[in-house]
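In the two complexes below, chain A is the common chain; its partner is chain B in one and chain C in the other.
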Partner chain A sequence: MKPNRKMIIVFLVPALLCYLIVFLYPSIRTFIMSFFNVAGLSDSVTTWTFAGFGNYKTIFHDRMFQQSMKNICKIWLYGGLGVMLISLVFAVGLTSGMKGFKFFRSVIYLPNVISAVAMATMWIYYVYNSDYGFFHKFLAFFGFTKASQILWTGPAHLFSSMLVAYCFGMVGYHMLIFISGIEQIPVSYHEAAKIEGANVVQRFFYITLPFLKGTVRTNIVMWTIFTVGYFVWGQMFSPDNLSNQTVAPMNYMYELVFGASSPARTVRNSGAGAAIGIVMMVMVLIAFGLTNLLVRKDDIEL
Partner chain B sequence: MNKFHFTIKKNQIKLIPAYIIVIAWVLFTFILIAWVVFASFSTSAEMFSDHMFAFKTGFHFENYATAWKTQKVSIYFMNSIMYTLVSCAAIILIATPASYVLSRFRFKGNTLAQNLFISSLGIPAIMIIMPLFSVVSQLHLLNNRWLLIFLYTSMQVPFTIFFMYPSFKNLSKTYEEAAAIDGCSPIGTYWRIMFPLIQPGLITVMIFNFIDIWNEYFMSLVFANKTSVRPVAVGLFNMIESMRYTGNWGGMFASVVIVFLPTFILYLFLSKRIINGITAGAIKG
Partner chain C sequence: MKKFTVLLTIFLVLALPIFAGGEKESGDSVKTVHYYSMWNEAEPQGMVLAEAAEAFEEQSGIHVEINFNGRNIRKTLEPAIQAGETIDIFDEDIERVSFTWGQFIQPLDDLAAKVYPTTNGKPYESQINSTLVKLARSFTEDGSLSVIPYQPFMFAFMYNKALFAKAGITEVPKTQEEFEEVCRKLMAVGITPVTVDDGYMCDFFGYNIDRMIGSEKTIEMANNNDFSDSSVLKFGQIWEEFSKKGYMSAKAASNIYPACQVQEMAPEKVAMNLNGTWLPNEVSTSNPNIEWGTFAYPSISPEGDGIEANNIGSQSFAINKDSKCREEAFQFIVFVTTGEYDQKLADDSNGAPMDINNTWPKVLSEAEAAFNSTTTRLPWAVGMENLAEVNAKIKENFSKLIAGSINAQEFYENMNK
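Presenting the complex of A and B:
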């Protein structure tokens, strides 16, 4: 059919405008801002002074930023390993003929549709509560009196408690991605391997896993994007002030630029905030680039 | 799902460990939600007593009244309903036509436009929030409802275009050819003939958009800092903060229930669509 120029313009321009205003222009401006000394966000551009890599130096020498980077690296690595492992086990288990497959799958995904604020509240004020909480009652019931006394949201365990609560909700999403990958594997491969006498474990490592490369890539990229946007859980677990255990770069940026919770911080540094934004963007790009290599080497294409 | 298993019974025995962990996980999810629902009818004093769910003082429906009126959940809830519905309608108007022309017409810049939209799926909020805030504060649009709707809409447009792309691609070209012969304008053809044909995909993507906008937190935190314009996610955070100090835990859990109920009910009825939608998206990605 002939392209109709007028129609293309009318149909495409509103969407492009949304993209330009909300994504493209702000991204470019954040990039530029990260090389300038900018105090407040509403300061006029004429007050900006060139800083070179000054903002990047500032943040990488800042103890709180270092801590926040450490935290999200731990979230990415430990949380990522845990979530990927559990969701892969669930996906493989559910697709190998479990009864109630659809029901289990739906319930495991459920936390993803509930507001993170509501989920975090359930964890903090119920599961981790030291008087009537789930862990307290559960451990006390089985006689682990000492373990039942643990203050899960106390400073000693705050980070791991937050990570567990966060990961619990993420498993469902990544499990669904794995399931969709597994369901695409042609049944004939498994049948042929079975006739040749391959057992479950061999079939998993020699058929399922090689076929899941693309799926693993999707999962890693998505996990990185989610980790970079880590904010609500940190704020929920330390609502009053930034704390070493829960701070993520986005929480720190919010504090630095919007001067959120602490009255002690009167100086705002938007240039440094922008630099944090760029560092986060670079992390997504690295994850994207590295996982592309993983798939390019792939000789089995579905 | 027993495609490649010869003996079902033997297979089920092998799957017992998988059953145990999956059932434990599912049970925990149920306990979590059921407990919060029960607690929302209870009182702080009962929660800390030994007989917490005996409901000796009856069901405390007033927790909901307190949350709804005193804690202003009604305002947040109505705001969120309005933002979500208006944004969803705007997304349909803006994203589906774009997706249609990108999937069906070859023209200069088509691939570029597609790549631009796809790239935005990887741009984190932290990259865009600061310049948006400067522009918004210069235009004096902070705490403006229409600004929030514009932001929610624009954030979801690229995803919706991307999601709807295959739906349009799979439609036969004969529809447009027949419409052209009958003298229907291209734009009219789109809204009258093509648009109704993509309903199944559209419903799925709109459920995602509904859930995403309902639960959106960061943008709302920055751009809506007045009670009267706050949506539920940010409102809930503020309520929890205030109830933590007043010690009204029953009311706190009641507000949690009110906030998660809409998306929860949606999921109860439409979980199959939602799950198929994610699966379809994953294959493309």
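Presenting the complex of A and C:
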């Protein structure tokens, strides 16, 4: 059947228009805005004054922004290691032929489906509560009295509590990506290795892992994108105003652009907010480029 | 024919978005006032305003179209106005309306000088809380009245009268020594005296410093991010000691807003909380039976402010400078800030009335006295929330001080890093 070019154009035009209006135009506007002093996000362009790289200098010298960058670096590194390891273990376990594969896959993925706001509320008001929370009761039941009195949302543990809660919801997503990668590995390789006497661990390191390079790269890129866009959990763990332990660049950007909840702060700085957005975009591009460089995709020989 | 079909298909596909989206210019007659509200429809204030709009329409024939934004109005109002949406009235905190949205408001002195059906035959301005009118005027360069305050509030200690009675406390504290004595008596009967959460730690710190060195130096400290003054060390010493004695709830170190009011004040585990006079309303859904009292933050040092200095403020209405029904919009504002509906708004929301002839609800009777005896108005958190970095630093170190993981000296050093 010959492709009908006119019909292709007709059906592509709405999608293209949506992309241009909803995605590309705001991206270009944000990029331009980052070089101007802009108060309100929807202020007329006539009120903008050129600032050059002033907004970028401002944010890189801003301690709140510096703290937010430290936080997402820690989230990326520690959270990433934990999530990748756990999701890989789950993926390998579930694809080893165990019973109840579909059930366990759904259960592990479920936290990712539930709204982050609902999940964070559950963690803060139930799991971490120092009076009636799950951790408190569980630890007290087994006699760990001192541990049961830990203030999980206190200053010493606020960041790690938030990280654990966030990673809990992310494991399922990355597990599914690993599962799809594992399922593409030809079974004949594992069979041949079994015949030759390789055990489970050897098969994992010499067959599964090498074949998963592309999948690992995908997971790292997705994890980086999610980390850069980290917002809801920071908001939920510090709902009223920013905290050093929970602030991420998106949280700070949100406050700069839309104003703080405190009525004391009535000044907004959308130019600086836009600069943060551009910096985040550049970080994702760098991470994508580095990942492609370091984790090369090998062609599978069949 | 084929070309026509293709062109028609292209046209229909591109024309579809034209019929999408909400209304922009409604083309309503002058008799409809569009009110962009800060309240949620289910909130007591939202319900009373909806009822008031119906009653207002019956009496005046003017329809009020209310768009209940909730606190999201902080993000949505400006884009809506700049996109040309018809908005006649909007409201929010008095400072946010006066400063953040100052470019959208207009002077209302001429309208405020008139007499209305609910103003007892007198000019409107003379029938509403004069302290707040004065505050509103102070926010404009020319002293004009460009916002109409309502739902007045005060930031003070809100306390549980029943718990005070159980501890044998008959008078509220006015000095630091009396405050400490109150804490001691509460502890003696097993009641935790004070709590706070991360939403109000800066206010707590700000008030303490204000009572030690006065508001001018406190605000300067906050704006310059300079905490080298010895009052910061003294704050650390006071609250290190009070935390060790159990006067400050241990949970306060881990309270994420609104935990202190929901998990400690509502179940009546703690007696006092430095908060706004909106607290009884916010806690009423969890526990409507608490007998509330109010007292201003006690004085600490003769070099600081006393109980006459407090953060007072309000929400406020403003009229869009491009509104085509300015007078009708103001009539609705008068209708809900005087007379029957001002009283209903106060009663149903456990809030304060604007009309000087109306009565404050019983839960705020002590708040009324404290409000009326305030002669110096402090800004929100006495400036300690002005800078994000300062705000975060106070929260982190105050939490650590309460938890006992740092002492007063370390608190002072951390605040100066």
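Here is the rule we use: the second predicted complex is superposed on the first by the 287 of 302 C-alpha atoms of A that agree within 3 Å, B and C clash if a C-alpha of one lies under 4 Å from a C-alpha of the other, contacts with A are read in each partner's own complex, and residues count from 1 in each chain.
By definition in this document, a contact is a pair of C-beta atoms (placed from the backbone, for glycine too) under 8 Å apart; a residue touches a chain by one contact, two chains touch by 3 or more.
Worth saying up front: this structure is predicted, and the values here are computed from it rather than measured.
A.B. asks: Name the contact category of A:S243: first (chain B only), second (chain C only), both, or neither.
C.D. replies: second
A.B. asks: So, A:A156: does it touch chain B (first), chain C (second), both, or neither?
C.D. replies: After superposing on A, A:A156 lies in contact with chain C but is clear of chain B.
A.B. asks: Between chain B and chain C, whom does A:V228 touch in the aligned arrangement: first, second, both, or neither?
C.D. replies: first
A.B. asks: Kindly classify A:P111 by the partners it touches after superposition: chain B alone (first), chain C alone (second), both, or neither?
C.D. replies: First partner only, chain B.
A.B. asks: Which partner does A:V10 reach: the first (chain B), the second (chain C), both, or neither?
C.D. replies: A:V10: touches chain B and chain C.
A.B. asks: Of the partners chain B and chain C, which touch A:A51 in the superposed model: first, second, both, neither?
C.D. replies: neither
A.B. asks: Looking at A:A275 after the superposition, I want to know if it touches chain B, chain C, both of them or none. Which is it: first, second, both, neither?
C.D. replies: Neither partner.
A.B. asks: Taking the superposition on A as described, I'd like to know which of chain B and chain C A:L176 touches: first, second, both or neither.
C.D. replies: A:L176 contacts chain B only, not chain C.
A.B. asks: Between chain C and chain B, which one touches more residues of chain A when both complexes sit on the common chain A?
C.D. replies: B
A.B. asks: Going by the contact rule set out at the top, does A:R63 touch chain B (first), chain C (second), both, or neither?
C.D. replies: The answer is second: A:R63 touches chain C but not chain B.
A.B. asks: Give me the intersection of chain A's contacts with chain B and its contacts with chain C, in residue numbers.
C.D. replies: Looking at chain A, the two contact sets intersect at 7, 10-11, 14, 41-42, 131, 239, 258.
A.B. asks: State the interface residues of chain C toward chain A in the complex, per the touch definition above.
C.D. replies: Against chain A, chain C makes touches at 6, 9-10, 13-14, 16, 71, 74-75, 78-79, 82-83, 93-96, 99-100, 198-199, 202, 250-251, 253-257, 263, 313, 379-381, 383, 385-386, 388-389, 391-393, 395-396, 399-400, 403, 405.
A.B. asks: Which part of chain A faces chain C closely enough to touch in the complex?
C.D. replies: It comes out as residues 6-7, 10-11, 13-14, 17, 40-44, 62-64, 67, 124, 128-131, 151-156, 158, 237-245, 247, 252, 255, 258-268.
A.B. asks: Along chain A, where are the residues that touch chain B in the complex?
C.D. replies: Touch list, chain A to chain B: 1, 3-5, 7-8, 10-12, 14-16, 18-19, 21-27, 29-30, 33, 41-42, 89-90, 93-99, 101-102, 104-111, 113-118, 121-122, 125-127, 131-132, 134, 171, 173, 176-177, 179-181, 183-184, 187, 190-191, 194, 200, 215, 218, 221-222, 225, 228-229, 231-232, 235-236, 239, 249-250, 253-254, 257-258, 270, 273-274, 276-278, 280-281, 284-285, 288.
A.B. asks: Can you check the complex and tell me which residues of chain B touch chain A?
C.D. replies: 1-5, 8, 11-12, 14-15, 18-19, 21-23, 25-26, 28-33, 35-36, 39, 47-48, 52, 93-95, 97-98, 100-102, 104-107, 113, 116-117, 120-134, 137-138, 151, 153-155, 157-158, 161, 173, 176-177, 180, 186-187, 190, 211, 214-215, 217-218, 221-222, 232-234, 236-237, 240-241, 244, 249, 252-253, 256, 259-260, 263-264, 266-267, 271-272, 274-275, 278-280, 282-283, 285
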